[in-house]
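First the structure, then my questions, so here it is.
We call the chains A, B, C and D, going by the order they appear; numbering starts again at 1 in every chain.
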Amino acid sequence: MASYDVMPDVQLFQPASIDDALNLAERYGRDGWILGGGQDTYGWLKDRAKQPKAMIDLNGIESLRGIRQRDDGVEIGATTTLREIMRDETINADYELLALAAGRVASPQIRNAGTLGGNLVQDARCWYYRRGLACYRAGGNICYADSPEGMNREHCVFGASRCVAVSPSDTATAMVALDATMVVQSVDGERQLPAARFFKGPDTHITQMTALRPGEVLTAVRLPSSWAGSRFYFEKVADRNVWDFALVSIAVALKIDDGIVSDSRIVCGGVACTPHRLRHVEKALAGKAPGAETAELLAPLASEGAKPLNYNHFKLPLLENLLRRALRA
Amino acid sequence: MNNYKHIGKDFVPPDIVGKVTGKAKYAEDFRADGMVFARLYTSPMAHGRVIGIDTSALEGMQGIVGILTADDVPAMEAPNAAILTNLPVYIGDPILAVAAEDEKTAEDAIARIKVHIEPLPFTVDPLDSLVEGGPNAREEGNVFARSSEGSGFRTIKWSAEQIADFRAGKEPTGEWVHEWGYGDLEKGFADASVVVEEPFVTIGYAHMSMEPRTAMAYWQNGSCYVYGSAQSQSFWIPGLARLLGVEQKDVVLISENTGGGFGSKIGAYPIAALPGWFSKKIGRPVQLRITREQEYYIGSARVGFQGWIKMGFATNGRITAADVFIVEDIGPNATGGDGSSAGGAISLVYDPGAMRFRGVPVLTNTTPRGAQRGPGQNQIAAVMAPLMDKAARQLNIDRLEIRRINAVNNDTTVYEEQEPVTSAYMKEALDKGADMFGWTGKSKRPKRDGNKVIGLGIGQGYHSAGATGFDGLVRITPDGVIHLHSGVGNLGTYSYAVTTRAAAEVLKCDWEDCVIERGTTEANLPWSSYQAGSVSIFTHTRANYVAAMDAVEKMKQIAAESLGGAASDYDIDGKQVFNVRNPRQAMSYGAIAARAIQLGGPYSGAVYPDDIHEITKRSVQNLAGSGLIGVAKDNLEQKGVIPGLACAFVEIELDLETGKYEILDYVGVAECGTVVHPQGVAAQMKGGAVWGMGMAATERHVYDPQNGLPANVGYHQCGIPTYLDTPLHVRTAAVDLPDPQNPFGARGIGEPAMGCSVAALMSAISDALDGHVFGRTPVSPDMIINHVAGREQSFEPLQTNNY
Amino acid sequence: MEIVTYKEDVWGREVILGVSWDLLWLAIVVPFVLIALHAVYHAIRKGSGRPSSSGERVSRHDRIDRLFHWIMAVSVFALLITGIFPIIGLNFSWLTLHWVAGIVLTVVVAFHIVRSLFWQDLKSMWIAPSDLKELTDAAHKPGKYSLAQKSMHAAVAVLTLLVVASGLVLFALIDTPWWERSNALSEDTLGLVFLLHGLSTLALIALICLHVYFGLRPEKLFYLRSMVSGWISRDELSANHDPKRWAPEKSA
Amino acid sequence: MNSILSRRRFLKAVIASGAAAATHTGLSSAVAAAGDGSGGKGAVERLLSVTINGQTRRVDVLPQETLAYTLRYKLGLTGTKIGCNRGECGACTVLIDDIPNYSCSTLTHSVRSRAVLTVEGLQGEDGSLHPVQQAFVEELAPQCGFCTPGQVMAAVGLLKDNPRPTREEARLALSGNLCRCGAYDNYLNGVMRAAGGNS
């Protein structure tokens, strides 16, 4: 396993229109690499662990950038940078959860270049996989992390199926918590998926993190007005406060009618291969008043059904604690 | 307090402007005519034997210039690291290099070369190798003992029971190879009213300097020009010449700036010689820039400890006895020696009535280890701090007080031989720090607020901080310019410049009249110590002092010779040599220099002392006749251990729910004799603080024992502390009391600056958790969460190189 | 077209990954070509009148054996669907279904082996040299099973045992309610097991195509009926079998 | 002394020709790059103009080339450092349209119509230091100096966006830049000094 750090030969396309981009995506299929901010692209290519024939750069397509008001909410173009999202008035006013999540991504420079689309479709961070090993996720027939002595501190405690990588995206949890709709386009037209069905686990999609098919491009996400201005809570616990991915993160949206939770979304990152929604906690929360008492009551539910690996059982109490904090806040 | 002109004053080091403008040149910034770019192929296997290299796929590839394999370079005697090897002993061990017209093409070639390697047994945890039936990291054995009586490989195995007992926290009963001690240990423990006994682990981790070590080399009329990433300057030459197989006079090292070293670039390292050999083979200049991942592999790492310690305390808190046993993870090349240094640090910082050190250095197939900022001293500082707290609690003594009562001072005798120290003011440092930090006030405040707990910690750091016997060289040219020749490397401490100010001080000249000659062998530099071990300040203020004194004496003689009278009638000031009785009878430095050239002999450098190093001699020969030469070897008296000391006070707010903590306040106090460069000392204290924070919280090697794969090969995984993992403000101060054995009272500080930090944090974490001792670095959030939740830790006791 | 696919192991050495699934279309196309040829051949050569299914009925398959056959058939189809569909891009959560079906198959196969060894006439399914006469001499009638049936059974038996055996090894390496997954096998051995599992699967697919075809051939349809309801008519018996070599008792 | 002079000249001569060499072989490999699917709509041109430090420069750039590579290997602007080439250290930070970016993780082709500012572009005509550079010197902020150009650019980017940042804001803005020497406190002092506040 040699070590590389120079970009190898790969064709670059910078289409100015979405149609050109979709045609290229169609033409290249699995050999095409859709390029947003590129912050989870160049490492793969420099390592030669992924070897697409062409990069299709979406940044020249005006229609894919920016935040637009719609009568049923807002639409955020896929190549809108995390920096723009963090600084956007509407987002901060109505969907602060997303601004908070975006603000905890990696580092300032990565947020300056990194796009929402890229952050949502970024690949798993399992260190074995990133090393370029031919594991299940890379189309192989083995998992190195989930092995008797595997070093799997950062891996999943829910939803494993051969692969035990976790969803690394900070904004993905927010998307699910906000009931976002993902707008996906291809030459065959447009399809829309709820965020919860956009992110895929290894039981069905072991070599990819999302439902995107070859030739498809995530062009925008839509945040429904239904959750606008709810009570939000986002927290991410990582080893370092810059760059590092979540050990565990939590994104919470609460609808509160005179002190009582009428509806809620509680979504966790870093614990499963997809954003992990605590539906049973949401049910149990309905009709209760947020606060220390409810927090203590419901916190233990958070880790129900978890299956820890050798080095990550700390994620269970951590997950419970984050839920505790979210409901207490 | 003193009335020095330069010593103790801040100044603008000549290289700093280049650093803020990007003009400063590092090894990878140089280009040479026809230069080609080399890339490395490194071992994918933790231990193996290369049985075939298939380069057929390169045939017909454009832009490939050459391939270098182990057969093209001299073999190194085991266990020393090779330039290139056919017997890789760790993942990342360099096997071959390819040179091409550009880096991409070189990488294309690397990607096509097939190297067939037969796997051999490997180990990534010393205890896995030490246990009977366990694998050896090298075919020669699993232990390499370095000692004056002779070094060599050994195979040492402990029984499964012995390993199990060790893991269970019992005193190790297995075989060891190093032992020293003093005093009556048994009596010491008998006199103790409190005994603390703990096993401990400090996981090693990579140096990860910002600059991935680059080297560029070409040959010009018989000399090899090497543009290297070097921590030291002159000190590199002998080793570099040896690696290149040439005489010292035939090596030119250009190292104007180096992107950090921290112990990983002290002497010439094998890979720095690769471009030289490659250039010799293909007849073109070769630059080797390695990747960040390769810097992790090749760039060295701190030695890991798995140990056991037992200490006895008298009722007043005085340490009566200390017994420490350390299994060292010394990597595959048997570098380190941290264990014994750790023992030495215990004997100096805490001055136990009696002590014993025992150690066994075990080879592992992890990255090569080397000196890393406070090698040994800083690991043990982290281990000791919470144990001192534990004893203080049991004795019901204030945690500051127990440190004061054991504090090293001018009368302390240290190490096996119980040598004296040149001077030591740890008590003063502690008092100054406690005062700045407000220890008494803070320790009275309530600790707990909901899930947030305040933890207060005190740490002490030590490293010997001086050497003697190196050369100084100053030159005054007829234009009156004072050339301060510095063989000190430029790794970012500015000591190359700071130490020359000693000469400026003696010559009573303005800084503006001085030029520092440095950065390349061709600047005719004197023989220097290594720029490590916190030695530069003590060592080279002395060397510059003696050289300047030599120049002053010569100037007086020349003045007497030209103006009459005896040399003793003359003194210097204002760039003049004048007759003390008749100040108008004077000569300018420039005139003196011109006269020196006419007089020749020792004045012009035509004649020089016999006892100076051959490197200095060569420089003087080149400079002879260009001005007045002041050159001398530091033969000033030096007795006893020269301590660099520091202490730190830290306040953290630990979140019991997340296992994370914020550092609310940090105060570091340096005890390095007279402060020669206030900003420099502060910078070292702050940098050391950050290093301590990394060692305490995030930095560690992680290896999968099943296949020997390293998890933390990148900057991201290595967990270098960021702006947001360190405090918003770091406060520092210095005791600033002169050391009698340095003409300016100065000692070094680089390494203790870190030891006190990691120790203070370990102490503070323990304090926040009601005295719980993890006995391990780093203490990561998951460990704290598991502890608070009353869960088992994920790893087994004494496991190392793990999450 | 390659048969085996390779990957790099944890230390960058080339090892077998498994079978190349490009072979899948071969496993489908080949049998259908054969089927077509056979159908054409049959259409040309006029078969003698079909024996009547009325009249006295004799028993061919006991209920228990019919049950076995159909459970096995269901589990095999479940295994093929859960195993192959994800490979051809139809993603669903298949792994648990797959190994559960695998266990069912394993159990019934084990049952069948034991039963045939101790409670059935093993010889009736044994291929004897004398059976080869069936190929040359149309007058030479088989016992309970024709040479074709015996050969089909033999082939299916071997492949099923291979696919079950390799499947069980892989099953031992994944997380189940009873044990944690392990990397007990070296990567090259693991690759061999995957290769074996894949190759036997492909061959089974081909054979099953043929089996289904022959089961549905009009002149052989009564065999399918017998596998459902157990009996065949005396006419069918005498038309296709040698009563001296197989004398089934009357069926209820 | 002579040998030094000769070497200096020799090196100076070379920055250019070294770049030339790289560019030349760039061509051969680019053929390979363009070999597949090129000419499609939106395929990039090899030869492009980039505006760096106010000057527009024509340069031959591979499709996949990163800005850090172009700056260092094609244009001889070696002030921009490559510490990790992975967006994990910040040593390669430059400003693109006044926003800090990791040039190791930016394609040169993506800055075609944008303004790039590197550490070499900060000094005044008269060679006077930029306030941030001056402040870093006064605070002895750099130690080994390898991360310094990145720290400088991150700080300049911050002050363009927020001329009077609080220390906390400065710390956040610079948090994408590692300093292995641990000079964070000094750099923050420098930023505050440059912003006119007292450090």
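Odds and ends about this structure:
What we mean here is this: a residue touches a chain if its C-beta (ideal position, glycine included) is under 8 Å from a C-beta of that chain, and two chains touch if they have at least 3 such contacts.
These numbers were taken from a predicted model, which means no experiment stands behind them.
Using mean Cα coordinates as chain centres, the one most removed from subunit B is C. Compared on C-beta pairs in contact, B-C and A-C come out with A-C as the pair having more. Subunit B and subunit C, compared by their mean Cα positions, are separated by 71 Å. A separation of 67 Å divides the Cα centre of subunit C from that of subunit D. We define each chain's centre as the mean of its Cα atoms; on that basis subunit A and subunit C are separated by 45 Å. With centres defined as mean CA coordinates, subunit B is found 42 Å away from subunit A.
Looking at subunit B, residues 44, 103-104, 108, 291-292, 706-707, 709, 716, 721-724 sit in touch with two or more other chains.
For subunit C, residues touching at least two other chains, in rising order: 10-12, 183.
Shared interface positions of subunit A, i.e. residues touching 2 or more other chains, are given as 1, 5-9, 144, 147-148, 241-243. Pairwise, the chains that make contact are A-B, A-C, A-D, B-C, B-D. Touching subunit D in their complex are the following residues of subunit B: 10, 12-13, 15-26, 28-35, 62-63, 100-105, 108, 208-212, 225, 257-262, 289, 291-292, 491-494, 520, 522-523, 679-680, 682-683, 686-691, 714-716, 720-724, 726-730. By the touch criterion stated above, subunit C contacts subunit B in their complex at residues 10-12, 183. Those residues of subunit D that touch subunit A in the complex are listed here as 29-30, 32-34, 36-38, 40-44, 62-66, 69, 85-88, 90, 93, 99-102, 104-107, 109-110, 154, 172-176.
Per the touch definition, subunit B reaches subunit C in the complex via residues 44-45, 117, 119, 706-707, 709. The part of subunit C that touches subunit A in the complex is made up of residues 7-12, 17-18, 91-95, 174-175, 180-183, 187, 190-191, 194.
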